[in-house]
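Chain naming follows the written order as A, B, C, D, E and F, and within any one chain the residues start at number 1.
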Amino acid sequence: MTYILGLKMLGKPETARKGNLIAAAGMTMAILGTIFFYQGEVPSFIYILIATAIVIGTILGWMIAKKVAMTKMPELVSLFNGMGGASAALIGLIEFEHYTGKTMSIATIVAGIIIGSISFSGSMIAWAKLNGTLKKPLRLPKYNILNNLIIIVLILFATFIAWSGTDSQLFLYVLFFGALAYGVLFVLPIGGADMPVVISLLNSFTGLAAALGGFLYGNMVMLTGGILVGSAGTILTFAMCDAMNRSLVNVIFGSFGSSGDVSASDGASETMKGSIKKTTVSDAAILMNYSQRIIIVPGYGLAVAQAQHAIHELEQLLASKGIEVKYAIHPVAGRMPGHMNVLLAETNVDYDKLAEMEDVNPEFKNTDVVFVVGANDVVNPAAHTNPSSPIFGMPILEVENAKNIIINKRSMNPGYAGIENELFYNQKTSMLFGDAKSVIQSLISELKGM
Amino acid sequence: MTQLIEFISDNIQMIYIVVLMIFVGVEIIGHVPAVLHTPLMSGANAIHGVVIIGAILVLLGVNPENYLGQALGFVAVLLGTLNVVGGFVVTDRMLEMFKKKK
Amino acid sequence: MIIGVLKETQKGDNRVAITPKIAKQLIEKGFDVRVEEDAGANSSYKNSDYSKAGASIRTKEDLFKNSDILIKINPFDNKELEKLKKGQIVIAQLFHKSHPNDMKIIAERGATAYSMDAMPRISRAQDMDVLSSQNNLAGYKAVIKGAYEMTKIFPLMMTAAGTISPARVLVYGVGVAGLQAIATAKRLGAIVEATDIRTETKEQAESLGAKFILVDNNGEESEGGYAKVASEDYARRQKEAVDKSLFKADLVITTAMVPGRRSPLLITEEQVKQMQNGAVIIDLAAAQGGNCELSVMNKTVVKHGVKIIGTTIAPESVSTNASDLYAKNTFNYLVHLTEGNQFKWDLEDQITDETLIVYNGTIRQNGKTS
Amino acid sequence: MIIGVLKETQKGDNRVAITPKIAKQLIEKGFDVRVEEDAGANSSYKNSDYSKAGASIRTKEDLFKNSDILIKINPFDNKELEKLKKGQIVIAQLFHKSHPNDMKIIAERGATAYSMDAMPRISRAQDMDVLSSQNNLAGYKAVIKGAYEMTKIFPLMMTAAGTISPARVLVYGVGVAGLQAIATAKRLGAIVEATDIRTETKEQAESLGAKFILVDNNGEESEGGYAKVASEDYARRQKEAVDKSLFKADLVITTAMVPGRRSPLLITEEQVKQMQNGAVIIDLAAAQGGNCELSVMNKTVVKHGVKIIGTTIAPESVSTNASDLYAKNTFNYLVHLTEGNQFKWDLEDQITDETLIVYNGTIRQNGKTS
Amino acid sequence: MTYILGLKMLGKPETARKGNLIAAAGMTMAILGTIFFYQGEVPSFIYILIATAIVIGTILGWMIAKKVAMTKMPELVSLFNGMGGASAALIGLIEFEHYTGKTMSIATIVAGIIIGSISFSGSMIAWAKLNGTLKKPLRLPKYNILNNLIIIVLILFATFIAWSGTDSQLFLYVLFFGALAYGVLFVLPIGGADMPVVISLLNSFTGLAAALGGFLYGNMVMLTGGILVGSAGTILTFAMCDAMNRSLVNVIFGSFGSSGDVSASDGASETMKGSIKKTTVSDAAILMNYSQRIIIVPGYGLAVAQAQHAIHELEQLLASKGIEVKYAIHPVAGRMPGHMNVLLAETNVDYDKLAEMEDVNPEFKNTDVVFVVGANDVVNPAAHTNPSSPIFGMPILEVENAKNIIINKRSMNPGYAGIENELFYNQKTSMLFGDAKSVIQSLISELKGM
Amino acid sequence: MTQLIEFISDNIQMIYIVVLMIFVGVEIIGHVPAVLHTPLMSGANAIHGVVIIGAILVLLGVNPENYLGQALGFVAVLLGTLNVVGGFVVTDRMLEMFKKKK
C-alpha cells in the first residue's frame, strides 16, 4: 500500500518528496520480505549472488543518479526504465521452462517477455536520443506499415508458443529479439520533444511487465506495484500529451517532428531566430507559488481584457502566501498617460505596490518571476539594442534580468509599435498564451489549490 | 476456452485486485500539475522496479545447475536494483527543486 | 387644495421645491398645483415642463392670494411673510430655532408652518429628510469644487513626463456629507483620511476606503446619531492627532456640525499657516459659523497660500438633482401629513409633532430638542 | 550656460516652465538657473522654493540681458521678442505654423528658437512631448469643470429621496485628452460614450469602460497616429450615428483636432437646439476654432438651454501638476539637446531637426509637416 | 465495480442520479449471478422461497420509498438500514452451526451478528426518534459507564464463543439479544438533530457486517460492497460531523442536546422564538447553482467587508451559468445615500443589474434564491409587522416572499437600528455565517467546481 | 496464534482486497458537498444491501429440514431486498430534487 500513498503524495508538490521516500521504504521491505520468507531450499551461494547483485546495483544506481546533471534527468529515467524492462524480460526467459504446457502461465510469460523487451530496447533508444547520441529521427520507408506488421507477427508468434505448449527455448529467444527490434523501431522515428511522452508510455509498459510477473508468482507486491504503475503511467502519458496539446496517436505515428522545437509560427513573422517556449497555467502557477519575489508588469492588454480585478486578486493571493509582489508601471504602458494607474486604482490596489520604472529596474535581478500581462513594447529590449527600431532610445522595464519571465498575451502579435520582441525568445521566458482575464483567473484557481 | 474460464475463476481474486489497482492508479493520478509530470513518471518508474522481486524469486528458485539461468537471474536482479535505487534517487533529486527556498 | 410653489429668492440658490414630475404626482393625488413663473428655470425645468405636467404657471401675488399651501425651500423673507394669510399652510426649511422672529410673524398672521429641517432622524422619516438628501449632494459637490479649485489633480499618474502623486484629502466630520465626500474623493483616486468625534463612524469611513484618524473621545457620546459639543480637551487631542495629516493635505473638507449650535472650530489660523502652499479648504459648515477660523460664508479667502472656501452652496449648484430629491422629500411628507388630500393634524405622530412649528397662529412648544 | 525662466504673461495661465525640483536638477547638471520673480507663484511655488533649490530670483530685464537660454511655456509676446539678443536660445511652445511673424522677428534678431510643440510623436520623444503631458491633464480637468458646471451629479444613486440616474457623458475625439476624460468620467460613475474618426481608438476607449460609437470611416486613415481631415460624407454619417447619444447627453467633451488645421466642426447649432435642457459642452478644441459651432474661446455661452464652454484653459488650471510635467519635459529635452551643458546641434537627429525652428537667425525649412 | 463508479458519481450533483442507477443495476446482476451460478443441489421450493422473499421485499420497499413524504426520507434510510443489519445478523445466526470449531470463521460470524444487530436495533431507535414516536432523549444514570460495560461484556462473550468452539445456539442467541440491547442503548440518548450522523455511522456498521458475510463465503461482491460502504460510510460520518462543527465523540457521548434545535444563542437576545437554520457554503452554492433567478441584497456588511469585487465575480459566475441575477438596492442600505451604488460602481457592475426597491419587490415571489449579504434592517419584516419597532413604517425589501433566503452575516448581532430580525428565524431562511468577503469567495470556488 | 497467521496467509488476497477497497472508499468520498451527504448515505445504504446475497446463499445452502433456518433465511432475504430496493428508490427520489429545472 505504501506505493499508493507514495504516488498520491507525489501528486502534490508539497508532499511529493515524502511520498517518494515512503514508496522507497515500502520497496525495501518488500525485497527483504521476499528473501526471508521464501519457503524452499536455497543454496547459500544463491543468496550471495543475490546480495552481490543488489549491492552492485545499489551502488551503481545511486552513483549514476547522484552524479548526473539535472538537465540529464529525463535520460536517466529512461535508462532506469530500460533496466526494469530488461529485468522483466529476463525473468520470463528463465522461467519459461518451468511452466511448459500451462497455457495461461506461458501466455503470461511470453507477454512479459515481449513487453519487457520492447520497454528495454525502446528506453535505450529514447535514452540515446535524449543523450544526443542519436540525433536525427530515423525513418524507414512505409514505416507505419512495417511496424504494425512486426507487432502483429510477434503477437501471433507468441500466441503460437503459448498455445502449442512447445518448450523450444529457441522460439523464445526469437521472440525476445523480435520484441527488442520492435522497441527500437517503435521509438526511433519519434522526435526528441516527444520523448517524455514516449518514456512515460514505456514506463507503463514496464509496469505491465512487472505485473505479469506478479501474476505468474501470485506475488501481490509485484502485481499491485506493476498494475499501479501501468495504470498511473497510462494516465500520466495522456496527461502529458494533453499538456502539449497533442494526441497520443499523433505523437507516436504522426510526428515527423524535426528534433522538436515548437517554432513560433502563429502569426508572427519568422525573422526572429530561436524558438519560444510555451507554458501552461499549472506550470506558471507552480513557479509563482515557489517564488519569493514576483513583479507584475501590466500593459495595454490588461486594459483590453479588463483583467484589473483578476490581477489584483492574484496579487493578494500571492501576497497571502508570503510572496513579495509589486507592480512595475512603465510610464507609457497602455494608451494614455496613467492608463495603468487608472486601471489599478479601480481595484483599490495599494498605491505602495506600484513601482516606477527607475525604482524597479534595479530590482529585477533579485526577482524570481516577472509576470508580464499584456505588455509588449514597454519590455522590448530592442529599445536598448536595436538602433533601427522605432522605439530605440525609449527606456524600458528591464525584465530580462529576472530569473524567470512569464509573458501572457493572446498571440505572437506585436504591440503598438508594431515590432517583434526578442524577449519572447529569451531562454528564461515562458509564453502563457490566452486572454489575460481568463488566464489570470485560471492561475488563481490553480494557486488556490496549492 | 475452458482453460481460459478456469484460469479466470482460479484467479478471480487476482483479477479483482488488478481491476481495483487500475482504479486506484487512475484515481490517484487524476489531475496533477504539469510540472510534476516528470517526477511522477520517475517515481512510478522506480516503483515498477518491483520486478526485482520477481528476479529474486527466480534466482531463489533456479536450479543450482542451471548456470545460464543463474547468470540471467543475476543480471536481472542487478538491473532491477539499478532501476529501483536509481529511480528513487533521481526522483528525490528532482523534487529537491520544489523545496521552498528560505 | 391648492398648492403654490414659490421661486427661491435667496441669491445663488437655483433649486425649486417641486419638480414637474412631482407636480404631476401631486395632481394625481388630487391637489391643484400652481407654480411661480420661472421657478424651475435654474434647475433646468422650464415653465412648459410644468404646464405639461398639468400645473398652472402663476405670479407670486396670485399664489399668495389663492394657495392653501405654500411651498419653498429656503426660509420666507420678510416681504413674503407679510403676505401670508390666515389659515395658509407654509412648508419650507424654516430653521425656526435660529429664526424665532419669523415664527412670531407667521403666528401673528394666523398661519400654520411646517418646517422640513425639523424632521426627526428616525428610520421611517428617512424619505422626508431633506438634510440627508441635500447634504449628500453637498458632499459630492464639495469634492468637485475642491478638484476644480485645486492646482493639482486627484489621481496618481505615472507618465512619461514624471509621476504625479495622488492628492491627499482630509475630511472632518463623517456624517452624510462627509461620507459622500469620502466616496467621491476616493473614486477620483485621492488618498482620503477622515475624522469624527463619533467613534462609530470609523467603520463607516473605512467601508468607503478612507483611513480614519481616531481621536480618543473619552466617552463623549453621540445623541440620537448626532454629535454633542466637544470638550476643549477633545479639541486639543484632535489637533494633535490630525495635524500631521492636515499639514500634508491638498484638499480639506469640513462638515462638522452640532445641531442647533455653532459649528465647532476645528482649524485655526495657526494651523492654516502650516498647511501646504496651494492647499484648498472647503468649509461646508460655514453657514453655522464654519469649522475653519478663516472661512467666510460664500467667500473665497486666500491666506497663507491656502484657499479657504466657505459655502453651503454645494447642493444648490447641482440644482437639478437637488430639486428632484427635495421635491420627492416634500411629496413624501405631504403624503404623510394628508389623507385624501386633507391634512390629518395627527399631533400624536412624532413626525407631525416635531415638524409642526406654528399651528393656526400659535407657536407650538415642540419636544425633545433643547 | 545661464538659463532664464520667464513668468507666463498670457492671462489665466498659471503655469511655470521650470519648477524648483527641475531647477535643482538643472543646476546639478551644471546650468546656472535664474527665475523671474513670482514666476511660480500661481503654481504654488514660491520664490523661496526656487532659492532653496539653488536658483536666483531676477527681474525680467535681467533675464533678457544675461541669459543664454530663455524658457517659457506660451509663445513670446511682441514686447518680449523685441528684447531678444543675438545668439540667445529660446525654448517654448512657439506654434510656429500659426505664428510665422514671430519666427521672422526671432530670425531678424539673430536668435535661435526651439519649439516644444513641434516634438515628433515618436516613442523615444514621449518624455519630451508637452502636448501629451498637457492634454492628459486637460482631459481630466475638462471632466472636473463639466461636473462643476452641471446641475446634475455623475453617479447613479438610489436613495430614500428617489433615484438619481447617472450622468451621460459623450466624448468626441479619443486622443490623449479624450482618453483621460473618459477615464475620469467613468471613475465618477457616469455612463460614457465616445467616438473618433480613427477606428483603432475603439479598443482603447473600451479598455477604459466607455461605449464606442463606431462611425464607418470608409478607410479614411490616420497618419502617424494623427487624424486627417474628415470628408463631408464622414461628417454626415458621424452626425447620424452620434446624434442619439448627443441628445441624451448631460456633458459633452470635444477634443477632436487635426494638427495644423482648424478643428473639425462636429456639433452645429441645429444639434445644440435638440440637446437636453441643462446640458454642458466643454470644447477643448476652441483654440483651433472649436468643435462646436457656438463655442467661443475662453467664454461660457448659454444658448438653447445648453452651456457651451470654450477652453484650453484646463491644464493651466491644474497649474502645479501641469508645471511639474512641463518642466520635466523641458528637462528631458534639454538633456537630449546638450552634452556637458553645451548644445550638440546634432541636426541629423529627428528630434532636434523637427523642433529647431530658427537656427542662428535663419528660419529652417523643417521637414515632413506640410 | 459498478458500486465504485456509482458511489463516485453520487459524489457530484450532476451525475448523482445516474450513479445511483448504475449501482442498482450492478446489484441486480450480482443477485441473479449468485442464484444462477450456485453450485450444489437446491430443492426447488427454496428457489420459490427466495423468489417470494425478493418479490415481496421489492414491492414493499418500492412502495414505502415512493409513498413516503420527502421530509421523512432520513427516517426511511434509517429503516432500510436496519433491515440490512437484521439480515446480516440473521445470516450469522443460521450459519453458525455450519462452522462450529473453525475459530476464525466463527469469529467472523459472531462479529457479523453483533454488528448487524447493533445496526438493526440502533436504526430502529433512530427511526422511531425521527418519526416522532420517541420524543425525549432517554438517559439512564451513569449512562456512559453502563454502555461501555455492555459492549465490553459482549465482546468478551463473543471471543469466548469463537475461541471455545462451543456449538451452543443458546449462547449465540444471548449474544444476539445482548447486541440488540446495546444498539438501543447506544442510540437512545442521542439528540434528534444528530440522528443523521448516527444513521450514517450505523450505515457503515451494516456495511461492515455485510463485508464479514462476504469474507465468510469468500463472496467478492459482498466483500467489496460491504467494505466500500464501511469505509465510505465512516468518512461520510466524519464529514457530516465536520459540517455540523461537532466531533463524533461529542455527538455520541457528549450530547445532551435537547431534541436538537440549535438555538440562536450567539450574542442575540433570546426574545425571538423559533430556531435558526445554519447552512454551509457548499449547500448554499448548490442551491444557487440549481436556481434560475437569484436576487442579491447588499447591505452595510458588504461595504464593511469590502466584498464588492467578490460579489461582482459571484454575480458574473452565476450569470455565466445562465442564471438570472440582479441586485436589489434598498434606498437606505449602508450608511450614506447611494452607498451601495458607490460600492458596486467600483466594480463596474452593469447599471441595468441594479434594481430599485419598488421595482424589485413584486419580483421576489418568482425568485428562487435571495442572497442577503451584510444587510439586516432593510430586510427586517418588523418594519411592516411591529408598530413598536423603531423602523416601523419604513419600506423594506420583501425578501420573505422568495422561495429560499440565504443570509450572510458574521453573527446574530443586530444592524444599525439595533433590533432583532425575525427573518432569520423564517422557515425559508438559511444563515450563512462569516465575513462576507471570505464567504463569497468560498462560494465562488465551490460554484466553479460544479 | 498460529491459527490466526494461517488464516491471514490463507486469505491474504482477501485482505488485500479489503484494504484496497477501504482505500477506494475513502478516496471516492473525499470531499462531497454537504447537501449530498444524505443522498450519498442513502446510496451507500442501498449498496450494503448486498447482504441479501449472503442471505440467498444461506437459503440455497440450508438444510431442507432446518425449518427455523429456512424461516430466518426467508426473513433475511426479505429484509435485504427491502434494504436494496427501498434504498435505491429513496436515493433516486432525493436526487430528483437536484434536477435542473427547465
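Points to keep in mind about this one:
Following the convention adopted for this analysis, a residue touches a chain if its C-beta (ideal position, glycine included) is under 8 Å from a C-beta of that chain, and two chains touch if they have at least 3 such contacts.
Keep in mind that what you see is a predicted model, and the values were worked out from it rather than measured.
Common neighbours of subunit C and subunit E under the contact definition above: A, D. The angle needed to superpose subunit A on subunit E by their Cα atoms is 180 degrees, rounded to the nearest 5.
Over half of the residue numbers at the interface between copies subunit C and subunit D are found on both sides, making the touching surfaces mostly the same.
Most remote chain with respect to subunit D, judged by CA-atom centres, is F. Centroid distances built from C-alpha atoms place C farthest away from subunit B. The centroid of the Cα atoms in subunit B and the matching centroid in subunit F are 33 Å apart.
Remark: subunit C and subunit D have CA centroids separated by 38 Å (rounded to whole angstrom). Each chain gets a centre from the mean of its Cα atoms; for subunit A and subunit C, those two points are 69 Å apart. Separating the centre of subunit D from that of subunit F, both taken as means of CA atoms, is a distance of 82 Å.
Counting only residues that touch two or more partner chains, subunit B has 13-14, 16-17, 21, 23-24, 28. Residue positions of subunit D touching 2 or more other chains: 126-127, 132-133, 136, 155, 157, 159-161, 164, 187, 189, 209.
Subunit E has residues 4, 220, 224, 306, 331-332, 337-338, 342, 345-346, 348 in contact with two or more other chains.
On the subunit B side of its complex with subunit A, the touching residues are 3-4, 7, 11, 14, 17-18, 21-26, 28-62, 64, 66, 69-70, 72-101.
Within the complex, the subunit E residues that touch subunit C are 300, 303-304, 306, 331-332, 334-339, 342, 345-346, 377, 383, 390-394, 417.
By the touch rule above, subunit A contacts subunit B in their complex via residues 3-4, 6-8, 10-13, 16-17, 19-21, 23-24, 27, 30-31, 34-35, 38, 40, 42-43, 46, 49-50, 52-54, 56-58, 60-62, 64-66, 68, 70, 73-74, 76-77, 79-81, 83-84, 86-88, 90-91, 93-95, 98, 103-104, 116, 196, 199-200, 203-204, 206-207, 209-211, 213-233, 235-236, 239-240, 243, 280, 282-283, 285-287, 290, 292, 446. Listed in rising order, the residues of subunit A touching subunit E in the complex are 306, 309, 312-313, 346-348, 445, 448. Residues 122-124, 126-127, 132-133, 136, 139, 176, 179-180, 183, 187, 203-204, 206-209 of subunit D are the ones that touch subunit A when the two sit in their complex.
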